[in-house]
Every structure is written in structure tokens, then in C-alpha cells.
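Letters are used for the chains, namely A, B, C, D and E, taken in the order the chains are written, and counting of residues starts over at 1 for each.
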């Protein structure tokens, strides 16, 4: 039985288990559901759960492991002389797999008799042509080794599938029966089901850790090899960033990039937080239901406009506008259209809905009694908002702002087009600067030698940024905790 | 209704703080207050009694325009405070509410420290010129709210961490802190133990020397104890309004009598 | 208030006997503050909306042209001598004739159209005439012939794509002056186009294939469509929605309602807020390493893209979900627990529905972010020229190579031919429509859950 | 996997996409997938190993480096077939309606953009504000140049073919030589240094971004690929370099100096395994595609005069030897 | 304390529903309940009285483990329900709470319809086999909660739109709907008018026939009216626990006497 069909079978079994488990529970109390510990459905779910979950876990594991094992066994049949390393073997094995699948397809479509398999050989059949007729394209003619390996492959896979079917069905059945026989009025079915659900919840929460682990692992090797070529001190404390374009760069200091990141994020937040907060307050406290229903989704569109549009917007509209005011003709603070200000402003606009929408929801959830209390004391609406509603909503709002800040740090396109590519340590917000993220992208997608420090630095940049934000987040957690302890 | 007019006359001679004329309140389609006329005297405690859902809270909230915050609520008729129509366009509800303070049925402390809960009103109304004055106001108010002793050591703990009764007294103290001219209290003692109730009643009595106090209560005993005037509401109507002693000893209306003797609700 | 400041001594009742109808100085000041505050609010919204209008109108202005396309209606004689020399109608042999072999047919067809319209033909070389047409025209005819070999020998009417310059001319983007130094087309061609418009050979019409079609190569902007990458985005959003929303909500519920305060919870919390700040391209690096190199999922597949974007959007959804879970008053939880609901039931029956608006907001923003993201796709092979055809089935849609709308737009915006620039903006219009459809669904849902208590 | 998987340089991408499209139309094999991402990323993925989950072809706008070949070998990618498809011309262009930037010498560019210039026989920090300060024939407008960021392969060409030439022409090279004790490499490095006072702006994006920058600044000059310029003649004017107008012909003959070769690399181990791989490579370099009259040349690729040798190498699957 | 043991003995002969032994409760550092021993009898109304903040609510919440939901709250000692330790690891607090229902001090209806508010408990406990039965339960509970007449026409209107008193009665009805064995009520009548109070008191009396009812109240009158047993708390201590008549006529402890005569609080 194929895996998907097997899955379907267990699903059916689980569905059946639900009905039967529920029925048995009800029967155990002669239909008087009040004597059951839990609602009848929970007994049903319990049986389903036991029938389904272990079986599926085994199935998944099996599906992952079996090909590896079969591959291992079959690859021994490929003569060692026909490839020179693991990669080559891997290629041959993928060819074997293709041939095996092709043979399956050929049998399924009637192009090949099942009996003919035994006598099949490259000398009596043009396998490539045969498989071509059933729509499986091969890159080259099939060698005898490959064919026999493919036949073996088929055979092993077939047996494997049979064993898998049996094992999985037995496990599903066992789970089913165990749960079924345990089902009676006093079984704490709800608790069992809820424990299962809680496992799922924990699993979901743990994905964050796995992701972090994955990120670290996928960055670490290249980071290490970067630091093998480039001194760590120079990277972390260097004041200049100027890769030279043909390997052997001397100036890859991260500080100008970090400064640019911070500066641009601050400008962006200086735009997004006040505008977003005021918008949220207005929407939730002042605006009528209709205005709110229209304005909120409209603002949310701002979050959905692709960042490349914002980038172009920064470059072609906002930048020149700023130059008119602050450029040579105006205050003469600005050299070109690209600057921290340009990128920051535009990024701020993009971030408005992050602050406004989330905060609006939070503010909306502050109980009316809180507002009444304030109005009853003769507070104006704005006083109520500022001194009662916002403090009550603060934790959520802080979350929204942090989210916006995170987006600001991670944004690329707007920076590349709006802020320029110049790494600089300068206080003037009208100068071009660039951010860590933008440089990660550009170093990663450039034309440089990929084994040179200049390309590998992207990984080090990513890693450093990751560690820095991690540190900041730990710090934030500690501060929040301290603040909370003081307050409660 | 003859007596009503008589009362009105006597009241007119005294100082009338609030007079309501033909007040109607609708919540959407629900007619919650039906044509209520009442004169509330200064330096007097007036209590509103009546079965649950009869509109006591609603009417009380009309007196400082708290109903403005409910979208579907419409108020008709005139309510005069010191002879000025509080529903006049020129009236700033904020200023009105500073004069007519309110304590709610459910205690609703702000998610701030106890100190800040009390200091909030004085701050926004600019009643204290400096920290010392503010401290003084806070202490005085908490004492008046009969809660000072319980919280004086944790003024900077959050107000939401107090017990129900403590929270309610905090809210009373908070309302008193802004020095209103009229204090509206919606069942202020419903969450209090007898001792605390007695303290609050004392406070109400004390406040009466300066202000008008309106209190909604379910306790006839309390109404009898603290108020000089009593209004009995029933299904949105003001059935009877008279001196408290009169209402409790010799009610005019049969419904009033039925209620205070426990027959209707 | 006034006398207080005058005497310097506060009275017991500072606002005693002041009229309600006149506002004292302090109230005026406060009301002014109130008005200012309200103005700030309106201004904030106005700022947002003004920029939105600015952005949308410039997008519309630049992109609307992509929805029109110029075509030439030509009678093409499918010469047997060229297409099937053997005359056997052997499909394999017919396939041997490459698209280059169809060029003479097209030349003849154009000449014929010119002759029929009485239009003078100043060009001697067929190559110059063909500049009127897209280079995809030959492929279009070949495809027809391969599908209908029996029609060889007939004269068939084709609606062939005009070249991007001709198309631009009809849309006002290209003029005789701008062609002065262009080697792709000459003003003489434009004269011919003008005349062919009169004879009805050249027509401009609605460009359905832009909405449904696949990407085309650099030299054929007129043929490029966003339809297939829209499917790619659709499949990715499907993955993101079915993975990120449940996982995000489940994780939030665990953290907010069940997790005890311990190092494990702290670890998760710190990780989540940190992941929100990880640049999206790093997720691409992760996706390449984990899903393609480790798990051997196919490259350029929407499934992989969707998984990467799921990881990227999870923090957004978790953070907003947690915030809204936190905002549900504890009295609701107590009420449910008090009637004997289990914690799980309390959460799923009462808390979650009340938190739904916030969750949906997080989802909207998260999906919007995922829908518009390009950088991580760069590393898992979804940016570039991925001329996939519409997927053959549901599963195939997840696995066969595809691009995504933002990646397609990004690609187009980079291409040299200005005609692609127009397509890019047109693509943005479609992307926004796609986004709005998605949002409207979520917003309708959100409105059902919104209430104040 | 059924289709050929290609990744790499975004300069080669347009040509690869044109070929892939035609390949898909004319063969029964599925259309190859051509990803962008830069030569570096493409080669990196190319050298990740052999097998179905790795790419078959890497496009590059430069020759593969020895270090990269070594890395490839470490991962088991041994036999690499190098295919040069032609040349990419690099041109200086400015707004059509802007000042008349129609002729440049490398020295002009050097004087305008380098960090240090020769003034009265001495090396000084570059303080030129407008073009006519060092060449009276050039317009009297502020210097503003948009040059590719260091990540671009084009930057290297610009540095070697223009800056270094200009450096030598103005005599700065000799001064640098003298200052560095006769170290040619060090002197060349000095020549590559670009001024950092904002007159020269690095563009990390693509030519479209340079174009947008030029659109926003009428006095600006930018560096483009020839193909990009030829598609945008309606807004751009191109400048001659040393008197030669850039075109596919002048570049093919070597008259116009600023150009670079474009390559793609095939994993030999994948030939015969990935359906259509070899056919695609052969199709790519066929005369009717990559020749001087083919669609690639029409689009702006400078055809390789030695195309025949390339075709033969592809047919024989000749791998690089190192 | 001699009498306490005496009582215990008599109680043992009766049916003891809940017995608490040496219960201590801490909120973080606050010692809210100090070594309380009490036996709550079945089919009896027990009232807890005492000044605000003395720990009545806290102790009540121990009896159905509602305190589990407060992180900083620690409960020590044994509380037995029908002889089984409810703080035993094997006890499912959910099942416990279904047996020991609770009505809170602040009315807290779900933001759902009135019908769904009532039907929620029966639904999750599977008390109704079909819609008709559920309807019946809802109606019966609302009648018992003395609110049926007021809401029968708007069963599908939201429960949060009711007046304070109505909300509280709704919550009582909701608690009754799950047919608990013990009903804990934290000041259930503090928001009710006398008529409604009387109705609820009647309901309590009716419930007593089947269940144990524990009620926290500030009204000594109410305690006297409805309860057979009264416990007096003071500053976290159970000062006295005895028959109601005994407590109100002849208290043993001087603090009790001081409280009921209104001298301490």
C-alpha cells in the first residue's frame, strides 16, 4: 500500500474510532451522558488520537528512513569503479530511482508485463525508449548495473512498503483497540485529549527554537570560515567598511553598518510610532464605526505594498523632494536623493500599520469601565486616553512597536534604494548610509568570489546581527520582568 | 402627582442644585427613563431606590452626561445644574463632570498605583500646585474614603491588586479627591462590609455639608440612614419623590408601598 | 480657577459657582489640548491615507498600461513545403522544424497584409518587417501546427502579439523621436503601423494573458504575464496560512495560557521576539540549507517558499496573538473556570474568540508581509526566469518550479526593456488586488468577532 | 527533477532566459529554470555538490576563480565545463536631455571620481567640483556619477579598464608607484580608490536603479551594460570612450575597451542524468542563437569571435583542467 | 476553641460536605489565610462574614481551587470534599469545579447571548441530550436565578447588555445550571435590589435542600436570614464558627461580638 493510501486508511480508522469510541462510552452508561466523566466526543477523540497519532508518526519516520535504507542496500550493487565519490554515486542512484519509477509506471500503464520484469535486461530491451513511451525521460541509456539495481530497488521498496503497511496498521489497530477497551464512563477522556492538545501546543511553541537552531547552523560554518580569513577584531570594531571587489579586502568593519541600521530604524520609528499610535487612538476612541471600518483596512494596505515599490517611491519621489528642501538650493545639508532620512521616512510609512492596527486592537480591548472611571472624574477624552487607556494597553503596544522595530532592522529594499550603499559613520541624517541587512543581501548576491571574505562576510554579518538582537531581546525580557515584579 | 408639584415648590425655596424636567432616555429602542421630573437639593443626600433594571443607574448617569459615552443612548428633556442646562451645546461635559463626580457600581480602579489613582483627578484639574499639596490631597481623600489605614504602606502598589471592597473605597476616595459639587454614587456600598459601609455613610454625611450627594442603593436601610430625600423609580418612571421619612413611613403611591414592604420588584 | 491664581490661595472648592456655560482658563487649556490631540489623530490617519493614495495612484498611473495589448491579425499560410517537407504529417518530423523555420511564413503573411491594405513596404528584408511582431509569434504558430498537423497547407488567421515597441507606440510610450536612436524599430515602422491600424490589422485590446500568462524572456515583454506566478503566490499563501496561522496561534496559546514561568518558556519567548528581527534573507539561507539541501525538497518550489515564509511570518502572528490574548480580561477566564470548564475549554471557547480580531490583524499583516517578500525567495530559486506553465494538479502546484508575484515584479523591474517597467507596475496592481481580496476576507471575519465589553 | 536548473549572474540571466525560452519552444524538454542571485551565489550553489538537489549550470559574469574550483572539488564537483558565450559591453551614459556628456577619456573619469588626482604634478585629494575644472571641453556642471557597487563584477571592469587607464594617462600611476616603492599592485590599488565625498555614488542595485538615479539627477552620469543602454536609447545618451562609440561591433573588434566576457559553467557529472542538459548547452552556443545574427546579439550580447571553439568544447564535454 | 471541637463532633454525625484543615494561603509574601479549620455541612447554608480584606473571598476560592489560576497564590493544608482531598494530585480541578460551582463578586457574564451564557455549563458537562432538554435547563436556571421574566423575550441578546443586578442574577443562574453539589457565592446579592435579593435568598434556601451553599456576605441581616452556620473571619483568621443563631446572639469571641455590634472592621 502506498504511503498516501495508508494515511487515508488510518484517517478512516481514526474517523471510525471517533464514532465507535463515542458510542462505546455512551453505551457504558446506557445512553445517560451525564454519568460520563467527559463529553462523549472526547471519548471519540481519544480513540481517534490513539489510533492516528502513533501510527502516523511511525509512517512518517518510515517514509523518511526507508528510501535511505533501500538506497544504502542497493548502492552496494553499483560497482565502485563507475563513480568516484559520494556525489557521483548519488547521481547514479537518482538515475536508478528514475528507472525504478519508470518501470512502475510502465507496468501501471501496461507498456510492460509484470512477468517480463524477470527477464528484463539492457540487451533485450531499449529501456530508455520504453520508459520514454510512458513519459519518463532519462538523460542517457541505461546500463546493466543501473537496471539490475533498479530492479532490486523496486523489489526492496515493494517489500519495505509491505512491511510498513503491516506495521503501521498494527500500530493503528493496537492504539485503536487499547483506547477502545479503556473507554468506559470513568475514563478521563477529556484530560487525555487535552494533554494531547497541549503537546501540540508545546510543539508549536518549540518551532521557534528549532528555527533559531536552524539559522545558527546554516550560518555558523561560513561564519567560521570567514573568521578564518579575516580577523574578528577588525570585523567587530573596524570603523570602515569598504570591500574592494576582488578578494583580499582589508576593511570590513561592521560598525558603520550597525550605525546605519540603528540610525535608519530610529528615523523610521520616529515616523511610524507617533503616526501609528495617534492613528490607532483616533480609530479606536474617536472615529465612528464606519470611519474605522474603512480607514483601518486602508492603512493595512500600506503594510502589503511590496517593499520594492517603497524603494522606488523613496528614490524617485521622496528623495528629490527632500533634496529640494535640504539640498544645495535649500539648507545645503544634503548631497543626493539617497539618505538616512529618505529611507527612514519611507520605511516609517510602511511601518505605520504595524503600530496602528495592532495597537488599535489592543486599545479596543481595554474595558469600557476603565474609561468610564476616568470620564466620571471629569477627564477629557484625550486625558483618558493618555493616562488611563494607553497605560492599560501598554504591554500590547510595546509589542507592536517592537515588531515594527524588528521589521525596520530587517528591511532591505527600501534601504538599498533609499539610503544608498555607502557605509558611513556620520551623524548627519541627510547623508547616505546603509544597513547590515542591505549589505548581507548585496554581498550574498554579488559577483565576488564566493570563497573570499567579501562574500562570506554576509554570513558573519547575519550571525552578528542575530546575536546582537538576541542579546537585546534577552535584555528586554529582563527589564520587562523587573518592571513587572515592581508593579505586582 | 399633586404632591410632586408641592415638593417642587418647597424645593424651589431651598437651593436647588439640579432640576430635571421631562427627562426621557432611550437605549436604541428601549425606553429606559420615562418623563422624569425631579429637583435635587444642594447640601442634601438624595437616594434613588427601585427594583433592578428600573433605570436608577441610567438616570444617575444622565446627571453628569456619562451617557454621552454610550452610542445608542439618547437623552431628551432638560437637566439644569445651578439653573444651567447641562445638555446645552456650550456646556463642556468635561467641566460638568468635574463638578458632578461619580462612583460606579462595579469598582474600576485604573491600572496604576493607588497613589496615582487618587492623584489622577487633582492632576488633570490642576488642584495641586506641587508634590506636597498633591500628597496632602491624596492622604485626605484616602482618609475620607476610609481606606487610608489599609493602604498607607503600599501607596505605590497597583490599585487593581486590592480586594473588591478596598477597590470600591479607593474609587470613592478617587471621586472625592476632585472636590466635586455633586457626587453621584451608584451603589457605592454594595461591595463593602458593614464597618466600611458605616465609614462611607459617615463620609456621605460629611460631604453633605458642602455638596449635594445622590446615591443609588438597594438597601432601604441605607437609604433611610443617610438620605434626606428619596426617589423611588419603577420601570423607568419616577413614581414618588419626597422626604425620606415620608417615603418610608407614609408613601403616597401604592407601588412605593408595595416595594418598601417587599411586594413588588 | 481664576481667583485661585489671583489670590494665590486655593479655595476649598476651586471651581465653585463658576458657570458651566463659560469655560474657565484651565478647562479652555484642556479643551485646546483635547482638540490638538484629536487633530493629531486625524493628521496621523491623513498622513497614512495621503501616502496610500499617493502610492496607489502612482502605481495605477504607471501600471494600467499593462492591461492593454496590441495585436496584429494576420492570415498565415501554413506552407507544406516549409513545415512538412516529407508530407507524411509525422509529428516528430514536424517538430524538427524550429521556430526559426516559421519566420518566412510570417514575412509572407505581413507582406500580404500590407498588400491587401495597399500599404507601401519600404523594407526589403523580412527581418525588418518582423520587427513589428513579437519574437514569440513564430512560437505561437508552431504550437498551433504541432497541435493541429492536419491544418498544414491551410491559411489560418492568427492574432499575433505586436512587438513591445509597437505596443508602446499605441500606448503613447514610444514616439518617433524616442525611436530616433533605437535599433529595434524605426519611425518608418510606425507609419506602417498607423496605416495598418486603419485597415484593422493592428488592434489594441484587453490583455487577458497578462493576468493569466507565464513569464517571458528578456526580449519579449509583450508576452509576459503574471498569472503563473500568481498561482505560485497562491500556493505559497496556502502553505503559509495552513502552517503559520495554526502554529502561531497554538504557540501563543501555550505561551500565554499554559506555560509556567521557567527557563524553557523564557527561551521560547526570547527566540520568538528575536526571530522577528531576523532579516528575511537569512530565512532564505535557512530555507536553502534545511529544506533543499537537508530535506531534499525540490528547488524553486512554492512548497519550500511557503515554508520559508511561514517561519518568517510566525513571529508576527505570535506576537500579535499574544498581545490580544493578554487583553482578554481575566474575569472571563474565571467565569468559565467557575462553571467547571477546563483550562483548554476556557481558552478555546471564550478567550480565543475574544482575541480573534487581534489574531486576524496579525495574520493580515503577516500574510501581507509574506506576500510581498522577495529576498528569501532569491536563495531558494524562486527569483529569475522561471517560465513554468500552469501546474497540472493540486500537488504539482506545490512542487513544480514557480516564481511568486513579488519576485516576478522585482525581476521585471530590473529588466532593460522599458516595456517591462510597465508590466512591473501592472503586476503590482494585481498583487495589491490579490492582497485586498485576502484582506477583505480576514476583515469580514474580524468584524464578526469585534465587540467591546 | 525534469528540467535543467540554472542559477547565477544577473547579467547573464537575460541571455540565458532568451535561450531557455527558445529551448522550451523547440524541444520536448521542459523549459529550464534560470534563477538570478549573482555570480557568487550561483557558483556557490554550483559547488555545493552533485546530485538532483543541486543546480546544473552556473552563470557567471567573470571567470571562475581557482579557489572556487578547489572548493568545488572538495564537494565532489570535479569536471566543470566552461562555456564563454560572448562579451558584455560597459558604457557611460547620461540623461538625453541633460548636459552634453558625449565624449570621455579614461583620464576624465579618473579625474572626476578618484580619491586622489594629479594637480600640477602633485598628488592631492580630489576636490574637483565640476567637470570643466579639469577638462574645459566638458560641461560646467557638478560631478555626479552613479557607479556599480563593489559587489558588481562591472565594478572590477570599470576599475581596471577605466580608472587604471585614466590613472596612467594622468600620470597619477607613476606617482603612486613612486610612493609605494615601485609596487605595481599597490599602485593599481590606489588608482581604484573612489572619492567618498558623495560625488560618486555606489549603486548596489541593478541598472534600473542607476537609470532611476540618472532620471532624478540631470547632471548625473551612470554606468550601464550595453544591452541595457540599447533598450533605453529614448532616455539615455551614451558617451564615447577614447573616441570609440560602444556597439556590438566595436566591442567585438576590441576597439571599445570596456567590456567583459560572460560565462556559464556546466557540471559534467549531470550530463546524461538531467534530461536536456547537454542539448541546452549546445543550443545555447549554436550559431543561430549566439552568433552575430542570433537573438542574443540582437539583444545586446557581443558575440564571441571564437564561438566555433566553444561549440566544439561543449560537444566534446571538455572540462576545465587545473 | 473548645466549642470548635464540640461542633466538629456534632458535624461529624451529620454529613460533612467539606472539611478544611490547617489551611494557609499566601499571596507571594502576604499571608492571607492563617491556619483555618472548618467543616461545611451538606444541605446547609454557611455564611462567611468579616471585614473587607479579611480573606473571605480567598478562602472561598480555595474550596474549588479557583486560586490555582493565580500564579502567586500558594495554598497549604488539607481541604476534603466528601472525604477526598481536593488538592490531591489525582484530582481534576475541572471536575471539582463542576461539583463546586461559584458565583463571583463582580458579575462576569460571557460576551455571548443570555442563552449561551446559561447553556455553556450544561453543554460542556453534557447535561442535556438535546436542544429541548437544554432549553429546559436554561429556562429552569433562569427562573431559579429570578431573572427569567426579565430576559425571556431576549434570550439571544448579549448578556453583557444587562443591568448590573441582572448580570449578577444571570451569573447565579449560570452557576446553578451545572447542578453543582456545592455552590460558592461571593457576595451574590451585593448588586441586587431587595426584591431580587429576596428571590435569590429564596433560591438559596431551595438549593439547600439538595446542596451545600457557602455564601460570603457583608450583610449581617442576610447572613442571619439565609444561613444556618456562620463563620467570622478576621485578618485571615477564622475567629469563630458556629450556628448562625449562636453567633448573632451569643458570640464566644470578643472580636466577633465587636464586629456584629459594629465596633471593629
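One rule holds in what follows: contacts are C-beta pairs under 8 Å (C-beta built on N, C-alpha and C of every residue); 3 or more make two chains touch, one makes a residue touch a chain.
Molecules present, by chain and UniProt name: A = Phosphate transport system permease protein; B, E = Phosphate ABC transporter ATP-binding protein PstB; C = Phosphate transport system permease protein PstA.
Not measured: the values here are computed from a predicted model.
Looking at chain A and chain B, the chains that touch each of them are C, E. Using the contact threshold fixed earlier, the set of chains in contact with both chain A and chain C is B, D, E. Taking the mean of each chain's C-alpha atoms, the chain whose centre lies closest to the overall C-alpha mean is A.
Just count the C-beta contacts per chain pair and the biggest one is A-C. Using the mean of the Cα atoms as each chain's centre, the chain most removed from chain A is B. Distance between chain centres (mean CA atoms), chain A to chain D: 35 Å. Chain A and chain E have Cα centroids separated by 49 Å.
Computed centre separation for the pair chain C/chain D is 31 angstrom, with centres defined by C-alpha atoms. Centre to centre, using the average C-alpha position, chain B and chain D are separated by 82 Å. Each of the following residues of chain A touches two or more other chains: 190-191, 312, 367-368, 380, 383, 444-445, 488. In chain B, 94-96, 98-99, 106, 124-125 are the positions where the chain touches two or more neighbouring chains simultaneously.
In chain D, 10, 36-37, 41, 52 are the positions where the chain touches two or more neighbouring chains simultaneously. Pairs of chains that satisfy the touch definition comprise A-B, A-C, A-D, A-E, B-C, B-E, C-D, C-E. Taken together, the chain A residues at the contact with chain E in this complex read 33-34, 36-40, 188, 190-191, 488.
By the touch criterion stated above, chain D contacts chain A in their complex at residues 2, 9-10, 29, 36-41, 43-44, 47, 49-52, 60-62, 65, 67-68, 70-71, 75-78, 144, 149-153, 155-156, 159, 189, 192, 196, 198, 201-205, 209, 212-213, 215-217, 269-277.
Interface of chain D with chain C (complex): residues 1, 3, 5, 7, 10, 13-18, 20-22, 24-26, 28, 31, 33-37, 41, 45, 48, 52-53, 55, 206-208, 225, 227-228, 230-235, 288, 295, 298-300. Of all the residues in chain E, the ones that touch chain B in their complex are 49-53, 57, 105-107, 150, 162-166, 169, 187, 190-199, 218-220, 259, 262, 264-265. Interface of chain C with chain D (complex): residues 95, 98-100, 135, 139, 142-143, 174, 177-184, 216-220, 288, 292-293, 296, 298-300, 378-379, 381-388, 401, 411, 413-418, 421.
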